[in-house]
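Next up: some structures, all given as structure tokens.
One chain, chain A, appears in both complexes that follow, with chain B as partner in the first and chain C in the second.
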Partner chain A sequence: MLTQGFVVLLSHWRRHKLQFAMLLLGLALATALWSAVQAINGEARASYARAAAVVGQDRLEQLARPDGTRFPQSGYIALRKAGWLVSPVIEGEKRFGAERLRILGVDPLTLPSEAAQVNVGAADIGLQRFITPPGVFIVSAETAERLKGVETPPLRISDALPPGMVLTDIGIAQGLLDAPGQVSRLLVAAKQPGHARPLAEVTPDLVRRAPPEESDLSRLTGSFHLNLTAFGFLAFAVGLFIVHSAIGLAFEQRRPAIRTLRAVGLPLGVLIMLMVVELLVLSTAAGLIGVALGYGVASLLLPDVAASLRGLYGAEVPGTLSVRPSVWGLGLAIAVAGTLASAASRLWRIASMPLLAPARPRAWSLASERALRLQAAGGLLLLAMAGLTVFLGSGLVAGFASLGAMLLGAALLLPIMLSALLKLGERLSTRVVAQWFWADTRQQLPGLSLALMALLLALAANAGVGTMVQSFRQTFVGWLDQRLPSELYVTTRSLDESRKVHDWLSSRSDAVLPIWNADLRLFGQPVQVFGVADHATYRDHWTMLEAVPDVWDRIARGEGVLANEQLARRQKLKLGDAIPLQAGVSLPLAGVFSDYGNPRGQVMMGVDGLVRLFPDASRLRYAVRIAPDKAPQLAAELRKAFGLPQGNVVDQETVKAFSLRVFERTFAVTAALNVLTLGVAGLAIFASLLTLSGMRLSQLAPAWAMGLTLRRLALLEVLRGAALAVFTMLAAAPVGLGLAWMLLAVINVEAFGWRLPMHLFPFDWLRLLLLAVASAALAALLPALWLTRRSPADLVKVFANER
Partner chain B sequence: MLLDLQDVSKSYPTGEGVLQVLRGVSLALGAGESLALTGESGSGKSTLLHLAGGLDRPDSGAIRFEGKDIAGLGDRDLAAFRRVSVGLVFQQFNLIPSLDVRANLAFQARLGDRYDAAWTGRLTERLGLAGLLDRYPEQLSGGQQQRVAIGRALAGRPRLILADEPTGNLDEATGDAVLDLMLALMAETGAALLMVTHSTRLASRLGRRLHLAAGKLS
Partner chain C sequence: MNVRLLLLMLLMMAAPALAQGFAGLGGDAQGFAVPRRGQAPQFPRDHGAHPDYRIEWWYLTANLKGEDGKDYGAQWTLFRSALAPEEKPGWQSPQLWMGHAALTTGTRHYSDERLARGGVGQAGVTLSPFSAAIDDWSMTSRAAPPADELSALAITAAGEGFSYALALDARGPLVRQGEEGYSVKSAQGQASYYYSQPFYAVTGAIAVEGKDIAVTGQAWFDHEWSSQPLSKDQTGWDWFSFHFDAGAKLMGFRLRDAGGGFTSATWINADGTPEPQPPGALEVSPLAWAEVKGHRVPVQWKVSLPAKGIEVTTAPVNEDAWMETQVAYWEGPVRIEGTHPGVGYVEMTGY
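Now for the complex of A and B:
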């Protein structure tokens, strides 16, 4: 009996192959986009975790200066003498060819066992080789690949290192980083002999820190990944609309079969169980296809994501994906859960269907009016909640919750708005065909509203995110012009060279402005401090959000500092607040400047103050002012005079182009997800029209019999799709604006720490409208073509007794 | 002659080969006349009616309406013919579900540019539909739906009414009442009627009666 029941149920799919394909495709696509995002996030997180775990930093306590700056090795020796089991580490960045690498120098002899992920005593490395110059660079396979042809110490490969990081001996690293005798921090072994002298006595200037619970990288990039996740979820939700409509159609069409099965004695419980099993099998299959597809999408997107993570956060993520069980598990789970959720109402209806219920055509006018109103009330409630969350809540999660509520609320309101618009159209039209067109479109609403809601979500997301990206772009480009006024940017390779280059340039240019900086920890986060010279370049160009009147004079006199917007927002800094730069030294905040695209906090102060406070600050970079037409000549001469590589002397255009490229790649991912979401929404409409086309014949046949040609009817079907898309776009426009506002004024501020002005781009909106109309019309085209192929005999059957 | 069928044949392709439904049927109907078409189920009555109404085309033979052959017309001209010249009443699914009764009544007449508000108002009165104008088809009983279909068929004052078992889904009393109304209104407009029916009792109330069997009329 079970097999028989199953055979009857499954035979439906054999006869409706297209429907089956839609169901699989919808589910697979939805799962694919979701899984792609998960795979990318998983890869990135694993990479951060690897970075954090190198030399046990995620497990061991550490000793370091409160401001994170380097300190002399003598402190380490004192501690060892006092009986402490500590091991020195130096960390810093250095360029090799075009690659900027993070160098981690360790002492293999004292490294605690928890920190020894790489066995430097192993045969292929050898302790002796490791510690004697030129030493050995231990890197990941990917970094080794990137370093091909670049002059470095011999490379050895280890999986334990994230891309872009080098593990080497501390002595070698000190030499490379120009910091002889300096260390960044000390690792404290977990087991210490009991008799050591108290730390405060031996090294009063060092503090003991517990291993961080979350690495700086994963905190910085958290918002980026949350953004991706939100998009993946949106795509999944839109995909579920397809699944819902395909399942709806299948269950509707199988009603007679189900009734027959019950009539011949198959118990309802067994029947429902069979259908659940069927759904489980289907959704598992689609989920598997979807996750596999997702990996494909992810591998296409990953290079862009990796580039933007590197550009935005300096976070290194490998360019290749590894297969993660969690992605498969989560992808399958969400596919199955989504399918069951979409099918729940149908199963419920079947469970409560009387055995002899007539297969009546769907009643629509009265019942649906009431349902529409109920749904609209729900929508209004959600919108109200979205508003409340924005104004009362705080934090990124509240921001996204509010976004979600707004989108869902707007989607729920869509059908009643469309219904009202169509009623208006009917009332305003005078020709009989036009009146029928509007009335008939309204009748299709219940069947189409889910797909149109999906379209609304996709359009609103496109419009909103598009507006955000373009606003960002416009602001960013304008800001870059101000931020990079100097003609040349020079990076020297050592302190000695730096001095010589400075002297060389001083006599050949209008001004040589140092770009010197030190890394420190302020308010518990990594912050960069820049020293700037007192020069018109800054006074004339630097974009201040707020500042005291004589801000540049104060900076020049060393009586104040500037902070970037993200630092000021995160710490809620006000002008005049004291910024604690070092133990006992703090300066008042004299201004806040905008610093788009930078995830980290930044502080600017007079260059003299920087050198005084942070003697080990990096003093390698300069900005050069010179008449623009003389810049190329000077750059060439400078390269020649000092043998500087091409990349160490760059002009303004190159720096701008680089910044813009990072920017474009960051949003390439968003754009790709946007287009995919819109495509999925188009499919949802197609699936729904397919669903309706079966019932459609009995609605169209009377109009045909009264004297409308099939061609005209088909044309009207396509127009109907287009009209609905236009109306949906009308409804999506305010939602898109709301979304853009929320992204710019709430989400960005929470996630990145900067607030951007909103710009509107009518041309983009127009393009989106055309895209929506085209996709809806395209979705309507196939069913319309089928309609024109109908023979009269098919149509007249509607009126005959057989039905 | 208003309607003139000469040697009309029609077949349908089916799974088991070609099904020959009509084998050379000829029939003539003058203006204002009424004709009942009877025959067993599956004998091809509906098929014949659809051909006469320009809903489908015969395999061979001529169908002349007011002397003009409609069998060879293209889709567009056939549609124009249906808009203006015939009123159709079927057994079911006559009405456009998205339009209310008022719009359904006027639909065909307005399509054919023959709408006459006063006449439609009179039809509405006579058919007892005045209280139902704002309802939608799904909110009507079977008899009410058929009355609307009849009103719609007559609203454009076509010369020919084709009815396929218009009362087949109704109980006898309601069916009789609906038919009475139809005949009375036809007499007013002077339209001719071709009606398919199973019932000899109903057939006997029309002017002539033809029987379809084995693809031929007798």
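Now for the complex of A and C:
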């Protein structure tokens, strides 16, 4: 009985192969997008954790200069002689071929055990080889791959290192970084003998720092990953709509079978158990496919994500994916849980259904107006919540919660809105076929509403995100033009060369503007401080969001500093606030400038002040003003005069192109996920129409009997799909606008620290409308084609069958 | 005291971060200088470091008596190990340094270690004045010229829970071990340069868990360097340095191998005249064993040198004198009873 019962239930899928495929595909796709995002995030987080853990930086206290600059290793020796168990680290960047590597030099003999992730004594490395020139580079497998063919010391591979980082001996590193006798910081062993002389006596210029609770990288990139997660959720929600509707249809279609099974004596409990088992099997299978697909999607997207993380944040994430059991498990679990949740109401209905309830597949679709109103009330409530969260809440999570509430609320409101629109259409129609068309569409609405809600979500997300990206792009491009007014940008290789290049250029150009900078920690965050010359270039071009009246004069006189928007917003800085640049030195905030695409805080001050306050500031880069037509020749001469590589003298266009490329890459992932989400929604409509079409014969037969040709009926079916898509798009438009506004004014501010003006792009919206109509019409086309092939006998049978 | 070469090597071999550079040490000298018979160490020159030899150490053990009447022991050691027979400036120096310090009380044994690269000033040995140091641990000459630089020393070391600062004054001459400092160590002819100063009188203070205790006593200093002193089949050794109450000293060791082992000893008269004993003249056998930090080690020995009429037993001040360094060994003060009572130090490795 049990087996027969199960076979009977399963036979439904054999007879509805397409429906089965849709269910599996919907669930698999939803799981896939979710898992893809999780896999990408997991990979990135693991990479940050690795980066943070290298040489125990996440666990050990450190001694460093307050401004983070290097100091002589005599300080290290002095501390050891004073009884401190400290170990020196030098850190810096160096280019090898096309790769810019972060060099980390350590002393393996004094390295605390917490910091010894790599066993330098291992047979394939060896202490002697490690510390004897040319030394050994310990790198990740990916970095080793990137360095193929590049001349470096011998490479050894270790999983403990994130991509782009090199662990080597401190002596080797000092040589490579051209910093003999210099160290960046000292690791403080966790256990100190406790008899050492006070730090303040031995090295008063060093400060002791607790290990950071969260690495700078995770903090910087947190918003990026939350963004991805939100997209994953959206995709999954859209997928669940499909699952919900497919399962609902399947249950209803199986009512006759269920009635028969119950009538021949299968107990209700067993029946429900069988159906749950069926769902578990289906969802597990779909989940597995989904997770596998997800890995596929993730490995396709990861290189782009890695590129944008590198471009945006300097965060190194491997371009290849490793399999994480937690992602597999979570993907499967969410697939099963989602399926069961989608099916719960159906199971409940079967449980409470009278034994011999008539098997009317149509009955379920006639959802009452009351239910619609209830749903609409829920939608309104969610919208209200969304509004409240925007005004009362703060933080990225609140922002996304508000977004979610808005999207879901709008989706819940959709059926009643469509119903009203269709009623209006019916009232406005005079001809009988038109009236029938509207009435019949309205009658189909409950069966399609879930798919349409999914479409609404996808369209709104697409429109909203599209608007955000385009607004961002437009603002960014305009800002780049202002921000990069100089004709040439020069990077010299040493301080000595820097001086010579400056002198050389001074006589050959209109102006040579230093781009000198130093790193400091401000308000507990890494912040870059730039020095600017007093020049019209800045006065004319630099966009200020707010500033004191004579801002550039003050900067030139060293009486104030500028902060970028993200720093000002994060710290809630107001003009006139004191910015502590060094112990005992702070300057008032004289202006706030926009600085899109930069996650870090930035401060600008007069270049004289920079050199005075930060003697170790990097003084290697210059911007050169010259008549644009003379720029290429000057660049060529400059390269020739100093033997500078191509990449060290770049023109404005190249810099802009590079910045734009970083930008495009950043949103490549967003765009990909966007398209995929829309695809899932299209599939949802297709699945719904397909299943509905099988049941619609009883509605179409009378119309056919009264003289409408099958061709005409099929055309009307396609039109119906298109009309519903248009209406859904109409409903999605305001939601999309709301979404775009929230992304620009709430999420971006929280995530990146800048607020962007919103621009509208009507053509994009039109394209989206066409896409929606096309996909809905296409989805309706196949069932419509089937309809035209029906034999009259099938249609006549409708009247013969007892119902 | 050649055994300490082996100790060093074992220590280095087993220290994971250090293993590779010391592989092959048991074989030829690989470009390193080797000791030659008939070239006796010269002072003060040879108090300093010999970077062209592979390994070297300055080793001090002190048997102390506290103002509280209790027995204490202190150890101070600086090892040098060269990856290449040369010296280079800065981090490129192939010279590696390792310090061991220990303080033994009747109830606890404290030990600690330090590692450092040569070339950057963190560790090393200098002459005029003599100073051997790693981090804040140092052994520095207090001697006023023209006295030998080692005739008076100050040593300090501190680790978790302990510290000491001792003043050492030599009451006898430097003693060249073996043939005028050329110390043959095995049947295969391996040898080292080796001299000792076993006649130090000690005054100073130790601190245990923050409590200062004034101490007096006697100390034994060794300086040894070589390049290829090892036999491949040796599994460990037991080493003894004895200060007899009558003023004479005895240095002896047994290298354990698959067979009967190899023993060697030097009798040092109270006036400092050494009498090297032929191999096998010294007899040692464990009398009692104990489980120390998971290792079963002998804690009482019978030591006899029939040629000198010596038959003594040793008893440790503290059975648990285990050096919890990267490679662990037992080293601690002992009391000596029998025909020649006194105090001394025992070192045991490979257990």
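In this text, the second predicted complex is superposed on the first by the 770 of 803 C-alpha atoms of A that agree within 3 Å, B and C clash if a C-alpha of one lies under 4 Å from a C-alpha of the other, contacts with A are read in each partner's own complex, and residues count from 1 in each chain.
In this text, contacts are C-beta pairs under 8 Å (C-beta built on N, C-alpha and C of every residue); 3 or more make two chains touch, one makes a residue touch a chain.
Remember, predicted model here, so these are calculated numbers, not experimental data.
Q: Between chain B (first) and chain C (second), which does A:Asp178 come into contact with in this model arrangement: first, second, both, or neither?
A: neither
Q: Classify the contacts of A:Val433 with the two partner chains as first (chain B alone), second (chain C alone), both, or neither.
A: The answer is first: A:Val433 touches chain B but not chain C.
Q: Just checking: does A:Lys191 make contact with chain B only, chain C only, both, or neither of them? Give me first, second, both or neither.
A: It touches chain C, and chain B stays clear.
Q: Please indicate which partner A:Gly83 is in contact with in the superposed arrangement: first for chain B, second for chain C, both, or neither.
A: In the superposed model, A:Gly83 contacts chain C only, not chain B.
Q: Considering only touches as defined above, state whether A:Leu109 meets chain B (first), chain C (second), both or neither.
A: second
Q: Which chain C residues qualify as touching chain A in the complex?
A: 15-21, 83-84, 90-92, 94, 96, 112, 115-117, 120-122, 135-136, 158-160, 163
Q: Would you pull the chain B residues touching chain A in the complex into a rising list?
A: 12, 46, 50, 53, 55-57, 75-76, 79-84, 88, 90-99, 103, 106-108, 110-112, 136, 138-139, 152, 164-165, 168
Q: Residue numbers of chain A touching chain C in their complex, please.
A: Against chain C, the touching part of chain A is residues 73-74, 76-77, 80-83, 107-111, 116, 119-123, 125-129, 131-133, 169-172, 174, 180-181, 191, 193-196.
Q: Can you check the complex and tell me which residues of chain A touch chain B?
A: 361, 363-366, 432-433, 435-436, 439-440, 442-443, 698-699, 701-712, 792-793, 795-796, 798-801, 803
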